[in-house]
Structure formats: structure tokens, C-alpha cells
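Each of the next two complexes has chain A plus one other chain: chain B in the first, chain C in the second.
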Partner chain A sequence: MVEHRPWNDIIAYAILTLGVFIVAFPVYVAVIASTHDAATVVGGRMPLSPGGHALENYYRAVFLGGSRTAPEPVGRLLLNSFITAMGIAVGKICISILSAYAVVYFRFPFRKTAFWIIFVTLMLPVEVRIYPTYKVVADLRMLDTYAGLILPLIASATGTLLFRQFFMTVPDELLEASRIDGAGPFRFFWDTLLPLSVTTISALFVIQFIYGWNQYLWPLLITTQDSMQTIVIGIRKMLVTTDELAEWQLAMATAVLAMLPPVAVVVFMQRLFVRGLVETEK
Partner chain B sequence: MEKSAVFNGSRLLPYALLAPQLIITFVFFYWPASQAVLQSFKREDAFGLVSEFVGLENYQALFAQPEYYKAMLTTLVFSTLVAGLSLSIALLFASQADKNLKAAPVYKTFMIWPYAVAPAVAGVLWFFIFHPSLGTLARPLRGLGLDWNPLLDGNHAMALVVMSAVWKQIAYNFLFFLAGLQSIPKSVIEAGAIDGAGPMRRFWTIIFPLLSPTTFFLLVVNVVYVFFDTFGIIDAVTGGGPAGATTTMVYKVYADGRLGGDLGGSAAQSVVLMVIVIALTAVQFKYVERRVQY
Partner chain C sequence: MANVVLRDVRKTYAGGFEAIKGIDFEVGDGQFCVLVGPSGCGKSTLLRMVAGLETITSGDIDIGGRIVNQIEPADRDIAMVFQNYALYPHMTVYNNMAYGLRNRRMPEAEIDTRVQEAARILELGTMLDRKPKQLSGGQRQRVAMGRAIVRQPKVFLFDEPLSNLDAKLRIAMRVEIRKLQRRLQTTSIYVTHDQLEAMTLADILVVMNGGRVEQIGNPLDIYQKPATTFVASFIGAPPMNLMPLRSDEIRAQFASDSRAASEAGILGIRPEDFVISSETIAGGIALDLTVEAIERVGAETFIYGTRQNEIQGVAANPGELPPGEVIVRIPGAVAPAIGERIKAVAPRENLHLFSADGRKRIDL
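Moving on, here comes the complex of A and B:
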């Protein structure tokens, strides 16, 4: 038995509480700032307790827009972020579950080649090939479209690898039994494999939704119209004016709104999130 | 590992199943990546109308630039600080959360949610707290006699970017360290305790070495994180400034191509980055499994 000392627990609680405090502090300040009026925030002597302008700030941000240079209501930006994140998550799951199915359950010429072609994409994030990708998207006339926001980001290997790994653990007897019952490839996929994959699909969905929601560089490059921006870009645009003109209370309200959906996903689907994170990375 | 039971009859079906992913990969991955390599050997005029083959000129120009070495150094300093700090802080918190505490699951939830915050948003939050004129913590800093101004002072800007990046990355490292700690057999630790080793000694001689595969894995992931995912933080907080003090290599690819219009030079930088990332990934695959095990 390892010795148990009460002061040991007290130190642990103290360190962890300090950690939670550090982690929560910037967000707490943002929430507080979103409840004060502009003068209080810009004055530099903002109190650390909530003010009385919360409703006004959030109303202005969501329905009227917070930026003087690009007054786009945050409601619209939230919708754009949601469509982009959903598109990336669902798109990635669809194309990668199909390709993993082909690689694991079929034998055909160039099977290994196909797998490696997909695998190599793991190594190069979009950041290192931004301008050529931009040009491709521009040539395809997909600037300022949801397709342009979504498609380049679903070209990645993580999903295929994850599904391949999972399919390898599915017992062969299941396929043999299905075949004896007369099921073809579609039937087996739909009735047997897909129901078994629900947890893997959900875990991948959680991770990819957060990934899609938090994209920055790519939407920044390919959206020129304010109405196509995502919320993360929207916050940035609110702050490009000179500091005295930037409406920090609205930017902070927007930041709170931008954090809510992905944070809610992590907190309420913690089990799936942890599983997805550990499995996609390893 | 291969499946022994497979479908044999259909010839075209597997290609049809692969088609969506392969098409998207070719159009948005291989084609642009090859264009980046090609473009790095070319020079284009400002309007993109004429381009001529210039061989290695872009690379020569790149490696003759003092700014490029500065960006390399900035990247090195930045990644060392962020990886070092976020790994040690996360390990400290994870080793406390690994103790048999009643409230440990609650603490876990509170530690991991910053993972979900977008890097750019994290940057904006920290910028707001430390903003020279309106930041909540800027005044106390000045009260301590520090002339705090991340908009003008390169070191202050770097400190701010590092803090935001570390804050965001602690969640991820915490989660993996906690999983690693929980997979260490309790019997080993008990054996150490019976032999008279105290908590600190047990940590450094038993737990830390057994944790080394996790640590190494996280080290590589963190370096890749610092290279790419911190773009949003840097752009939101400093825009690469002041005077290039926070311009990392990835930021320079963006800035040179977009603001400077030097597409050839930007492409050459992309290629250098690709090589670095491929090397890092290769190191990860080669050594993570084999070397770092006791």
C-alpha cells in the first residue's frame, strides 16, 4: 500500500484549483466584459463583476453586428460556422468510411497504392499549401461558397485510418455469416458494419466538428464577402479598427458566442470527445 | 494485418467506394502541393500573367534573407517555450488529478474544455486581458514597474503569444498525461513505496520514466501544434509584429504570399516547411514505438 497523507490531498486540491482558475480566468473576463458598456471596458478600469448591459450587447452583436467596418450580424456568422463545421464533420466521415471499407474488405489492384495516397495527406496540413490550394478553389469558382470552405478541409487521412483500425477489429465471422445469409457488399455495410461503427462515427464527429468550427486561416483566405465569414473570422475583423474605436464589449460577446457550441460539445459529450481525441491521434 | 474474409466478386465497386476521397485528395491536396513545388522554381510578375523558370533562385533568395533566419529562430524559441511550458504544467496538473481524489472527474472536465476554444479566440481573450491600455492585468503589471506594451515591445508580444498558446494546449496534454498515468500499474508504485521511496522519488524514478512514450508522443504533437495551429493566435494577437518579433515560419509563408505578393518565395518556404513536417512525422513513426520504452 502506498502511504496516504492528508496534506498530500490538500496540496493536490490546491494545485488543481489554481489550474482551474488559470484556465477559467480569460473566459471569465470575457464574459464580464460582454456585460459592460463600451465606456467601462475601454476605460481600463473594468470591475470583475458583471455589469448591466448584457442583453443590449448580445442583442446588438447577434442581430445588428459588432463591427463598424463590416457590420455583419453574428447570427449569420454563427450559421456559417455551423454549416461549415457540420459539412466538414459529415463529409469527412462519409468519404473516409467508404474508402476504409474498400481498403479493408476488398482485394483489388493498386489497393496498397490507394491506401498510401490517402495516408501521405496526414503529413501536410493546409497551412503549408495555402496559396496553390487557394488558386485551385478560385479556378473552380468556389470562393465565398460553402463548398470552398468545406471541401479542401475534408481531404485528410485521419478518418480513413480510424475506420480502417476499427474495421480490422470486427470479427471475420460476421462477414462470413452475412455472406451465407446471402448479403452482398451493400447489405453487409448497411446492416452489419454501420451499426457497429456508431461509436467510432460519433467520436470522429465530435473531433471534426470542433476542428471545423475553429478553422481560421482557410476561411480568412477564401471569404471576401462579409456574409460568408465564420464567427472566428468575424471577431478578428471587429478588432482591426484602431483600438479606441473597436467595440470590445461586442467583440467579447461574440467571442463568448463563438466558444459556446464547441465547448458545449466537449463538456456534454466528454466520453466521446476523449475517445475520439485519443484514437484519431494515436 | 490483413482481413482473411473479403468480398471477391465485384471489380468496380472498391474503386467507386474510394473515388470520392481520392478525387478530393487529388484536387485539393496533390495538385496544390505539386503546384507549390513547381512554383518554388518559378518567378511570377505581380499580376500572375508571366512566369519564368528560375531554378533554385527562390531558395537562394530565401536563404540569403536575414528575415528568414529570424523567423526560424522565432519559431525555435516559440516552439521550445510553448512545448516546454505546456508539457510541464499539464504534467503537474495531471499528476495531481491522478491521485485518488473524490473531485478528480470534475477537475478533469474543467481542465479539458479549452481544447474546444479556437486558437484565434484564445488569442483575442489573452490580448484583451493584457491589452496595454484596457487590459485587466496590464495595470497591475505596470504597477510592478514593468513598462508593459505588447504592441511595441517584441519580447512582451512573444510572451503574450506564448501564454495564449500554452493556455490552449494544456488541455490536450493534460488529457494524454492523465491517460498515461492511469495506465501505469499500481503494483509498481506500491513496490517503490514498500522500498521506502517517497512521493517525489517515486515520481522521478518510476512514474516519469514509465511515462516517456506519452511524453515523446506529446512532444512531437506539440511541435506540430506550435508550427501550424498557432497561426490563428499569432494573427489575432500580434499580426506577426512588432517588427517581425512574432513572425514564425508558417506566418511568413502567409505574410510573404499575401501581403508581399512574393508567391515564388512563399512557395519555396512552403516546400521547406513540408520537408520539416515530413521529417518530424517520420521521426515520430520511427522512434515513438521502438526507442522510448523501458
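Moving on, here comes the complex of A and C:
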């Protein structure tokens, strides 16, 4: 069915190149802007070639922090974001793999109900339940803490569903063979189910790390101290200024830095993810 | 080493479906018992109840003098080989075999001895470091066997272990399983729907149908004296020819006394018991057939014929064959032509008589 015509290739590549250009250009501008001094960036004529202030800008962003508008060094913000995103991703995986294990492999009263309640929470994203969640976190004195940033975002219906679907494809005979081999529920989970789930875990990790990293509304609400802010909030604060010019070159340097960890996670985990997909045989 | 005794074992599922309707039998120490029956007859359920993977609704299962109804599978001293092998995909062959022993806290040295011994018996020595997906079907089957052997259990349980293999490998593995079981002298229960596997492997054959036992016994006894028409048509391939008898007078011709004569309703003749001959045998049966189809398989030939008329009172056929069709099995490849008229005769001692509902055998 597929005919090979040179024109098709040319058109296809032209469209793809255009797409790449549209997506990549803003990123390129951000990288370029982070290498110029403040005057050049706000001058109205954005150069498209790198300037000579890269080291200075990144050094200021990472270690000193901006001026009054961004008092906390980006290094600290990156650390906060990393802890939060890791906490959310790892927490979500732990919670959802265990709840999926319970729902799939154990017979207990109201099992179906439990599953449906988890399922229904899919329709309640953070934004919808933000007021009660804030109230609970505030009453537990978890404002401006990592626990406050992480715990409310850990519960995950998506993860539970994903693991449930995977567990249902694992043949029952494996469980039965384990039972005959003398493995109890915990050993079966640890020795058999967990190694088989590596693929699913890495997929979920990639998704949830980026989800955690990109959180905006929740950290904005519950962090008041500058030292507890995440980098996404930090960028925002650099740009909203009242009485002086935003330091765009620092904001852009921060944005570039903020992009790196999620990119690293995708690049590194994707390899594991694909390898897992190719090797897995159930 | 142990015997296995089932006493009035029943299984009713939560929905009220009665899968096992009261089964009693005993497998002696070191014997090879085969449960055979069509799909859905409850044979796998019964095996899983012995393994402890299904609960028992009522009755007792006794392994080596200990009632195991409430005992966990791991503590019943059994090992099971599954139809799809159920190897742990992420573990090497070695670890697949060693896993159950490690869970029992057996010393590593002892585990190593047992695994190496099993690998030697099953010729898996070069594959111990491979993962299951790098093995062929037959090799995976052997690993599954190895996992059972290293446990040195009282009882081996096999759940249709050969049905995922191709025909040639199945025969080879069948012989291997039998040899292995003879050598280890371990009591075994084996589930299959293949009557050939059942006949060749069993010391005791249990023919099941609809959650009940149809007949228990030595395979040859069952073949020679099937207790019901179900057993008669299930054991033996091609199946026994079954024909209802028409009237009391003709029943009297076959049955030895008047009581049997009044009960008899169905006549059975195995295809291999016919001889093609122009002469009738005194006291036997003779059928005039028109040859409809011929199947030559080399060593033997199957003739599918229809009866021309209702000779000797034999009327329509209730079995699996179309009414009036009779299979005759003759040795060699020389067969009559299609459309030819032949006479198939069988001596009286090869005839089987059953009651009209097929539930009872009547001895001639």
C-alpha cells in the first residue's frame, strides 16, 4: 500500500522540520537569552546568536539568586523541586502498586467498592479538591514543609489502574506456582510481581516525575517561605515585579535549568523503559 | 512416598455450580493415576483441590495418612507441573528450580546438589543460566518438571503438562515422564483430555464426566470392559460403534439370560474388533455395509460404511457417528473401493451390551 515517491518524502520531511522548528525555537531563544546581559535582553531586539554573559548569568542564578525579585538561589529551588518530584513519583508508585496488589489479589469485603472509589477519584484533580486539601494540610501544620508539598499529591488513581491492568495480565499459574513453592503473599509480591513490574514502574516514574516537577498551583498555595519554593514558582516570581525591570536573562537561565532534570529523566528512563518492553515476556 | 485417598470429595462454587459431585478413589504408593475426561468434566478442578489451590466443599483428601483439607499448598508436600509451565520469567532456570527450596530455608549446598541432580536427569545442564524465554517449549516443560523433582515431594501433580507441545514432542515427553516416574517411584496424579496419553501413562485410570467418576481401573480393563457408553466412546480412537437394539426378541439373541435381555438397549463394537469376511461367525454379528469413505494411515485403514439394511436388528446409531454409520478398522493399506459392499463380522466375545440409557454395562 505504501508507495515510494520522492515527493512524499520531501513533503513529509518539510512538515516534520517545520514542526521541530516551531517547538524548538522558544527553547532556543531561552538558551540564547540566558547568555546575554540584562540590557541586551530588554533592549527590544533579541539577538539570535549567543552572547558572552553565560557563565556570569548561570553563576548568579544558581548560587546567588537574583535581585530582590528572586531572593533565593536557583540551586535551592532545584533541590526543592527535585525532592518534591521524587517524593511524588516514588510515593505514587509505592501507594498505587500496593493498592493495585490488594485490589487484584486479595478477596476482602467491599473490594469492588474500594476499587470504584479509587476509580472515581480520577475525576477529582488537585484543583477541584484544593480548598479541603489546603485546610487539612494547614491543620496538620504541614505548610512550608516537604511533606506538605508531597503527601497530598501522592494518591494516584492513574497509577493504581495502570498496575491493576498489568497485574491482571500476569497468569494466575504464577501465583499458584508461588504458593506451591511456599511463597506467602509478601514473598510473591517481592520475588515475582515486583521484578515483572519494572517496565510499568519506570513508565509510571517518568510520567509522575514530570507531573510532580511541573506542579504549580499547589506549591504556590502552601509555600510562603522563599526557601521552600519550587523552581516553577521561582521562575514565576522572577517575572512578576512591581517597581523594577525583571531580570530576563536570569529568568531564562533558570528556565533552562528547570528543563534539565525532566529531560534527563526522560532520556535515562526511556532507555530502561524500552528495554523493559522488548524483554518482557509473560 | 505416600498414597492419596479421596473420600466423597465435593466442590460447589459460590454461584451454586456443582463442579465435583462426590468422588472416591485411592492412588496407591508410587502409582501413576491419570484423570481423563472431556473439557469441563472437573478433572482439573479435582487436581487443584488435591494441590490445595481450590477449597474443598465437603469430603476428605488424604495424602500419606494426613487429611490435608485445611493445609496450605506449600505444606502438603506436593509438586505441580502446570499446563503453561508457570515458570518465573525473570529468574534463570537454576533459580526457577531453587526458588521453592530457598523458601524452605534449605542450605545452599543442598539446593545446589538437588538442582544439579535434576538438571542432569533432565539434560538441562547447559541451560541453567538461561531465562525461560530463551528456551524451547520442550525445554521449558523439562524445567517445570525439574522444579517439581527438586522438591522430592510425596506426590507429583500434572495438569495437562503436554498440551502446549507439538505432536512429536508430546510423545517423546510422554515416554520421558513415564520413565522418570518409574525411576523416582513418586505417587503421581496426571490430568489429561487425551485418551492416548491416559492409556499409555496410567497405572490407574479414572474416567470422569460431568463432575462424576464414570469408571476407575486398569487402562486395559477399562478398554476391554467399559462400564458405560460414555467410557466406551471416550476411550479408544476411533470411538466404539454404538447401536440401539430394536426389539425384545433380538435382545434375547445377544443377552445370555432373560434378565439381561430385558435390560439391554445398546450394542457396542470397537472398530478394531471387526473382520471383513464373507462368512458369518456363529453367535456373533454381521453387518452389510456400503463403503462411504476410506482413511489410510499406513499401518492401518479406517473404513466408514453405512448399513444397507437393519440386519440382525441393529437400527439407528445414538453415538457420535451419523445414524447408520459404522467405522471398521483393518490392518494394512489394502481396502475395499468406495461404494463397494462389504460384510463386517465380529465374534460374540467382542460385543458390548449396555442398558438403554447407557449407564450400565450388561455382561454377555
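The criterion applied here is as follows: the second predicted complex is superposed on the first by the 258 of 282 C-alpha atoms of A that agree within 3 Å, B and C clash if a C-alpha of one lies under 4 Å from a C-alpha of the other, contacts with A are read in each partner's own complex, and residues count from 1 in each chain.
Basically, a contact is a pair of C-beta atoms (placed from the backbone, for glycine too) under 8 Å apart; a residue touches a chain by one contact, two chains touch by 3 or more.
A quick note: this is a predicted structure, and the numbers were derived from the prediction, not measured.
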**Study point:** Superposition on chain A - do chain B and chain C clash or fit
**Key:** fit
Check your understanding: Regarding the shared-chain residue A:Ile154, is it in contact with chain B (first), chain C (second), both, or neither?
Key -> first
Review point. Thinking of the overlay built on chain A, is A:Leu64 touched by chain B (first), by chain C (second), by both, or by neither?
Key: neither
Exercise for review: Specify the partner with more touching residues on chain A, choosing between chain B and chain C.
Suggested key: B
Review point. Does chain B (first) or chain C (second) touch A:Ala138, or do both, or does neither?
Key: neither
Exercise for review: Return first, second, both or neither, reflecting whether A:Thr192 touches chain B, chain C, both chains, or no partner chain.
Suggested key: second
Review point. Touching A:Gly182 in the superposition: chain B (first), chain C (second), both, neither?
Key: second
Exercise for review: Please indicate which partner A:Ala102 is in contact with in the superposed arrangement: first for chain B, second for chain C, both, or neither.
Suggested key: first
Practice item. Using the superposed model, measure off the angle between the directions from the CA centre of chain A to chain B and to chain C, in steps of 10°. Key: 90
Practice item. Check the residue A:Ile10 against both partner chains and state whether it touches chain B (first), chain C (second), both, or neither. Key: neither
Practice item. If you've got the overlay open, could you tell me the nearest Cα approach between chain B and chain C in whole angstrom? Key: 7
Review point. Which chain A residues are contacted by chain C in one complex and by chain B in the other?
Key: 176, 179, 281-282
Review point. For the complex, which residues does chain A have touching chain C?
Key: 171, 173-174, 176-177, 179-183, 187, 191-192, 195-196, 280-282
Review point. In the complex of these two chains, what residues of chain A are touching chain B?
Key: 1-3, 8-9, 11-13, 15-16, 19-20, 22-27, 29-30, 33, 41-46, 48, 94-96, 98-99, 101-108, 111, 114, 117-118, 121-125, 127-133, 135-137, 140, 151-152, 154-155, 160, 167-168, 172, 175-176, 179, 184-185, 188, 210, 213-217, 220-221, 232-233, 235-236, 239, 243, 248, 251-252, 255, 258-259, 262-263, 265-267, 270, 273-274, 277-278, 281-282
Review point. Which residues of chain B touch chain A in their complex?
Key: 1, 3-8, 10-11, 13-15, 17-18, 20-22, 24-25, 27-33, 35-36, 39, 89, 92-93, 96-97, 99, 101, 103, 107, 109-122, 124-126, 128-129, 131, 133-136, 138-139, 167, 170-172, 175-176, 179, 186, 189-190, 193, 199, 217, 221, 227-228, 231-232, 235-236, 250, 253-254, 257-258, 263, 266-267, 270, 273-274, 277-278, 281
Point to revise | chain C - residues contacting chain A, complex | key: 51-53, 72-75, 78-80, 82-90, 99-100, 103-104, 132-133, 147
